[in-house]
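See the structures that follow.
Consider the two complexes below, in which chain A is the common component and chain B and chain C are the respective partners.
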Partner chain A sequence: MPPVASRFRDPSTIFFQNDSVRRCIIASYWIIIVLAIPLWWKTTSIERLGLPTSQVYAEAEKKLRIPLSICLDEIFIDEVAKVMTGFQDTAEYLDVKVTAGWECNQSNSSSDYTVAWEDKLEIQDRTLYHPLSGSLTNTLKSLLAPQIDPRAAQYAPRYRLSFTLLNEDGSAGQVVNGWDIQEAIQRHVSPITSALSMLHNFTIESQVQFHAPLAFEPQSLSEGAYGLTPEDLTVFVNSAEWTLSSSSSNDPVLHFVLFVPSAERRPLRILNEDGTPSTSSAFLIPQWGGIVILNLPSPSSSQDESPSPSERVRLTADDLRQSFGAFSRQMTTLLGVPKLPPAISVSSSSPSSSSSFSTPFTHWQIDTLLRLRTHENIRRSQDTLRSTVKVVDEIEGMPVGEEVQNQVRGSLGALKHVLEILSDDGNTQLTATPNTPTSQYLSSLLAYSARALTLSSKAFFNPGMLAMLYFPAEHKYAVYTPLFASAMIPLVVAAMREVKAWMKERKEKRAALGGGGGEVRDGPPEQRED
Partner chain B sequence: MRFLPLLFPLALFSYTLASQQHTNNWAVLVCSSRYWFNYRHMANALGMYRTVKRLGIPDSNIILMLADDAACNDRNKFSGSVYANPGRHLDLYGDNIEVDYRGYEVTVENFLRLLTGRLEDSVPRSKRLLTDSNSNIFIYLTGHGGNEFLKFQDNEEVSAHDIADAFHQMYQGGRYKEIFFMVDTCQANSMYSKFYSPNILATGSSVVGENSYSHENDYDIGVAVIDSYTHYILEYMEKVNKTSRLTMADLFTSYDVPKIGSHPGVRSDLFSRPLGPQHPMASYGRGHGWKVEGEWTGREQEPYKRDREALITDFFGGVVSVDVEGECESDDFSYRPASEEISKPSPPSFNPSLSSHPKSSSRSYFDSFPFLRASLAFFLLGLLFAFAFGGRISRR
Partner chain C sequence: MLWTAILLSSLTFVLGQTEEFQEKLSIKSLRDGRVASSFSFSILLRDASPRDPRFLAFDDDDSHHYTLFPLTLGQILRQYAVTELHLTLNAGKWNYDAWGYPDESGVGVGAELRAWMAEGGPSSIDDRWRGLRNALAGLFCASLGSLDEQRTTSPALSFPPDGYLPDWGLPHELRHASYASEHVCTENLTPFLKLLPCKSLSGLATLLNPHRLFDADWHGIGLHVLWHPEGVEVRLNVQLVSDPIRISSSRKQDWSFKTLFDRKVQKPCPVAKSSLVVVNLPSSGIYRVDPEPSFIKDGKAYYDLTNSPGSWNIKTVWPGDFEYPFSDSTPLVPFSVRRKLLSSAQDTGKLSIVVTNNQEEQLDLLYLETMPWIIQFYLHTARVYSDENLISNISYTLPVPHARPGTFESVLTLPGRSTLTFAMDVQKAFLRYTEHPPDAQRGWDLPPAVFTPLAHNGSTKQMRQFYTPSLLVDLATPDFSMPYNVIMFTCSVVAFIFGSVFNVLTRKFVIVRLEANGQK
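Now for the complex of A and B:
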């Protein structure tokens, strides 16, 4: 050894250069790395629980068939086949069974609807009186299988109804500062909400606003009136400045706006397309709500005293009668209640519809709406479920948590339940409990279909299902290489050296055992030339 | 393309459905940049906001994502205002700006959640895209981007794959009827190249490998105030009013490459309706200034489309129809807007002052970042370290 080296300590005397200590240090690094791999794998992998894909596809294929039985009077016996085919063509989701005369009683099942012969067109409860003239098939079809109104809002189990009284300018002229909203709702809205209570759960809110400017200038007409052209109506709602509903929940809202034009813009009229004033003061925005324009009668006294201070008006329930009549009609349309064919009159003799206030709709309308909504819900939840599994299949980085899994299963369960009720012959269901009214049977169907819909859309829109952002492969290298390459290389090299040294040592030891053991013990084992 | 066989039946299916009108319009306007020197991107988004609002989309149906640090920036000499032209004729920040996602809320995650509807229950209605299968959506993106990505606030990126997947989920979830996607960024046309869901019409400001340029500077404000592509779009949109019958073909054929400075692209192969009269669109991309013909994807399908023409107002409109109700139920009638063309130019406009200011490039400095080279460099560095010190550490 050169003399210079004597200044340094002999490496074999440093404690951490001791073979076993050094090997322990290197091994501990490796142990930590090996132990960390599962942790790394778990934290970087995406949780993708399995969805019942095949079941979803199977359920989504199934067709909904809601049973419906009609009993015709003997006199209509020739019409049976015609009615049957008529329904098959228009409404596939209905399983219509038509019987006539004595067959009705023979089949031993109470029919949902009966058709009797009378010289007038009238309905009473679930009985239709039909004259011999006129097409019975068309009447029944328009009663039981109408198309859903495109203006109606999509089905939701909960709705908020927001009633707003807007003063265009509350600073001058007559100002409405109050309205008997409770009374008006009691009279005009409650009958509808209670009649539809098996379909929806309603929350009602109301407000009065004193400054609600329009976003455009209404057209000035002769004799001091102002007009709203059809184009104006489409931009009438000034959503930037009018706050029409509270944002307390995410339920869909139906808006009803009573607009009081400012004093200098009265009367404000809706114009027809040819520019002549329309007799109507109400219009409906599909799926959004309804608007009624209320022109206050100009008080004769304020004509001469021009700088009249703002006069306060309170609208009584009687003042609101016309406006709320329009609101209730708009609400009926928006909620998709089918209209009765105009020729049909409703008999008021039946006990359930004794006063027109208690039930504004006939059983035919409610039943039909229940069927339409059930059909819509089933179709939508089938679609949503199918889309959910499809999207999860197609997008590989999309996490699927337990919540989604449960929601899909729950929805599937509800869907199966509906289809089961229907598939094991609706009639036996009805005959088994002859006292179960049709509406109750239908509303239980709707309840399950609504559950299926809610759960399926919750699953599809689950916030946890946000797909991982897309990373190209080079991004991954760019993230991992700088981090690990510099750390791994010394470790790998050190491990390789150690393994090599250990193997060499073993070989020497073996050789020494063969020759003579004393030699090895003398020299320090690390004395090798590098 | 593994989705092509899947698309064909879908396209056929949509041909039969599309004739039904949409019932509502929505707009999602995203400015993905922040900081003062990106003033022009905020002006882009606000200009678009003003236009969609003017054409009748109510504020409740506009989702505006904006860093919003320009109007009240300390460096803004005209505090509280954002202008899109050097003359400062029109304050885009004037009144009634409703920014739904502001500042640090403008993230890739929020954008994708907004589109797909996967939001927490606590998110208010104003931050939700409450569309249904009858909604037409206009989506406008602006910011710094590159090949197949768009940078969000110098912090993260959304890739073309992410947006394509989000659109697909929207399609599966019945969240749109048609989408009009417009993007103004460098290499913008790559952003729509990955789409695979039907009924999407897309347009972008520049082809792959090409920058998108800013239009002009205002020397009092001190920065570029608007991007060129958006400027000419907005200028064209001033010709459109609520009852206009101008078609998408009219908009696209108004692209002028020498003026814009980049080659805008159109993608219509996923869109089922014809863009407009065949004669102006037939020569799209073939005139003066167009280098290549590849800037219109879907040119071949165009003559075979049979449906209503795609109007500009289909995507920039308000409530499509209202029903005036009579006093008695029977005499209500349904209304469709009148269909004659009135194209009166409205007074405040994005007037082109057409001065030839030096064009400042808005090329992103992360543009096609050489990740592989970077990682290789790190790898070699690591190796070097290993050999230099590894032996000493382990042995002597």
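Now for the complex of A and C:
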């Protein structure tokens, strides 16, 4: 034995064979790992900024109540309660206040609308003249709280109006190679766009196409006419062949198509359900646009055998009057302008119409449209915000950047602003003179609601929210396991072994203290490593 | 005075409505028996002018009202305030020596886009250039989105504006990008045809049969927008070089609309102001042109199809079989170019250009090389193998890796009947893993070089660009299954080293005393 001892140093005298040093080494590894975990977590996690979830849910629950005050003539004093209940049932978003007679002037805010007694049913400015006969409640309801037309396009701050003249086949005898579009727009479209300038901006564009074949064969009728069945109308727009819209902006487009059937297929009529030709030559595609079929008189030259070059026709503004009249009616519908009840006549002596050209709509219609659109926007932005928050909650891998956060906050702020304006309305309206304040008040409501809507949909469609869905957690683990699993095993084993040794040591020490036993150090080695 | 002003403005208003559409097809039999057809559709928007970029600040653009001019294109031009635009999508190699100059000079392979825009206004030229690229990519279903900053150059001399630049007191700048890998196909032709007033349903555009167009030996489509004092002109053109000998069963070079396009012109386009077919008559030999042309002038037969209905099937017939002219191989262009990338290494190479002047006079050539940063020039190695100093006016924009291409522009002077060799060492970049295209082993297409002959007064105006074929460069390509293997391998090594070091550090050594009998 002595030669062995002289050849090898006793390993327990090497400094790192000291128990405490070894434990320090193991502990330092673990400390580094523990300290590195937050860093690793930070660098590999997806950026998910907090969204004001509870605020969104709270705001989405809130009901919009747009104040509306009506002053009735003394003669209608019995109708007050009836009108109030009538509105409560149909239009929840309106906060209708009806007063009558002397009460009108007593309340400190001027009323939005007045109802006076007259033998005829007429509106002038914001005053309604109503006879004693007939239901005042129904008239007011149809004026102020009509149902939203489902054919109307959804609200957008800017629309493109695209007018297209389509020659079905320009090479078949007659071709319309021009139209006085600017004058026709000036006459028929500009009054509408300027009357609605409070709600929307418009970009107007027009084009002419000389070949626009239909995707189907129209039905041949007797006496040489052709017919479009109601089923044909649903597939009338041939998107593959007609280049109607362009993709140069994201604004929604309302299409107005003037369709000139080929000379060989004239006249082209729209058929009723029972197969008889309809008197109308126009039809509307909900939320898309309108189409008018223009049957030109047959080419003036007699139908001789030899093919002759196409006769060129230019449509003057007078030729276009009927078609553009139809377009303007379709546009009114598509933009959601409520119709006046048929019995009501509009007084021409309205002071507001003293401007250069009379507006095609009454204050009642514009105000109602502003309220309807505000209501629609608030509801849509509430829905969108709620869906955004819900989607973010449900999908854990979805990143939420600062942009989304700001958009959600901005939208929420605009929503709150609308509701704030509404809650302290009585004060803001105080000093206002009649006429202007109602529209200004309503258009500021609409502006904030449109802002809320735009921001909420921007947040919902933010492209950044899709990024991480394509890098699933499985990939991450597939890359990490080869390194981490094999490195962690010796660490864990060493730690466990050391803990075990330490516990055993402590137990023996306690036993030695109790029994005064021998030395632990000289005992046989506790563990052997191969 | 006021009345005159109103009258004048109303007059221009009326004139401003006039739009003109003209179509023309010229057909030429080539020396090697092929037939080159060139369609040109031109739409003039009279008295219109490009949009001043300063007006982009005003959100409300004046309304767009077009009759013949394509609305979708008009919107793009106005939205990005583009003064001049040229887009070409070509496939194949134009053989200048045998085919001569093309009718439309833009025959570089792949996609090429260049635009002149004025600086000023709320959005910068580069923003508008990006928007324009993406809008045209959407309009033509072409991968013009690839013409990004890494391919965009602004050569100073080679591409002067074809039209005029409006005098707004703003500097105009050129943006040019080409992408040789883009392949033109039916999905590009369909939207192209929709820009035409008569689409492909009447007029000369009836002949544009995609089956025949894309079967041709060389084919390309082009869009050119330019402004001159008369108005804004849009020219859409299609060129193709078909091989009637390949199509026909006999060895004859006869061609007709029917054999070339498998269609005839059945209906005239009702809105075309003029509709013209021009057949370049062969200079020698016996042949017959059918039907009788409207008139013949300068060795060209003209057919006026304007508003003349009836089935048109213009043809040229030769009595005998076609004989390939082996003897006559003199090039048809004043100079010929060969461009090569020489090397077997994956990191370096040599770009070599051989230019031959085919005529007696001295020739000045503007030489432009727009190279993606994957190829970088060692300019100090540039050598011209000739006695005289024949290269001058060198301008070089350094490439920035991963960001900007290099642009090399210079003037080469060739004495009559001489050949000039220009060579330069290049370095091939080592790409990042994610920068490789999906078909990485195929290599990278390099854009064609452009030569522009200079007139004696040094101007490039009205000079036609000459495009060399593109080059293919093979860059060092990794084995794409490698990264995962590397991760695995590295992880194993790291885990092994870590485990051993850790074990050594924490192992407890003891001396094992062996029994005495064990030592016997």
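Quick note on the criterion: the second predicted complex is superposed on the first by the 399 of 530 C-alpha atoms of A that agree within 3 Å, B and C clash if a C-alpha of one lies under 4 Å from a C-alpha of the other, contacts with A are read in each partner's own complex, and residues count from 1 in each chain.
Just so we're on the same page, contacts are C-beta pairs under 8 Å (C-beta built on N, C-alpha and C of every residue); 3 or more make two chains touch, one makes a residue touch a chain.
The model shown is predicted, which means the values in this text are computed figures rather than measured ones.
Judged by the touch definition given at the top, the superposed model places A:11 against both chain B and chain C. Applying the stated contact rule after C-alpha superposition, one finds that A:170 touches chain C and leaves chain B untouched. Applying the stated contact rule after C-alpha superposition, one finds that A:330 touches chain B and leaves chain C untouched.
Within the superposed three-chain model, A:490 lies in touch with chain B and with chain C [touch as defined at top]. Once the two complexes are overlaid on the shared chain, A:224 sits clear of chain B and of chain C alike. Put chain B and chain C next to each other and count what each touches on chain A; the higher total goes to B.
Legend: residue contacts after superposition of the two complexes on their common chain; A:482 is shown touching both chain B and chain C. Using the contact criterion defined above for the overlaid structures, shared-chain residue A:210 touches chain C, although it does not reach chain B. By the touch criterion defined above, A:341 lies against neither chain B nor chain C after alignment on the C-alpha atoms of chain A. When both complexes are overlaid on chain A, the residue A:283 reaches chain B alone and has no touch with chain C.
On chain A, the patch touched by chain B and the patch touched by chain C overlap at residues 11, 22, 26, 241, 247, 482, 486-487, 489-490, 494, 498. Considering their complex, residues 11, 22, 26, 150-151, 154, 230-231, 233-241, 247, 250, 270, 273, 278-280, 282-288, 290, 322, 326, 329-330, 339, 342, 380, 383-384, 387-388, 390-391, 394-395, 460-467, 469-470, 472, 474-475, 477-478, 481-482, 485-490, 493-494, 497-498, 526, 530 of chain A touch chain B. If you check the complex, the residues on chain B that touch chain A are 23-24, 53, 56, 58-61, 96, 98, 108-109, 112-113, 116-121, 124-126, 128, 132, 156, 158-159, 161-162, 165, 168-169, 172-174, 242-243, 318-327, 329-330, 332, 335, 337-338, 371-372, 374-375, 378-379, 381-383, 385-387, 389-391, 393-396.
Contact residues on chain A toward chain C in their complex (touch as defined above): 1, 4, 8, 10-12, 14, 16-17, 22, 25-26, 29, 169-171, 175, 177-178, 181-182, 185, 201, 203-211, 213, 241, 243, 246-249, 307-310, 312, 479, 482-483, 486-487, 489-491, 494, 498, 525, 527-529.
Interface residues of chain C facing chain A in the complex, by the touch rule stated above, are 17, 59-61, 63-68, 70-72, 75-76, 79, 135, 138-139, 194, 197-199, 201-202, 267-271, 307-310, 487-488, 490-492, 494-496, 498-499, 502-503, 505-511, 513.
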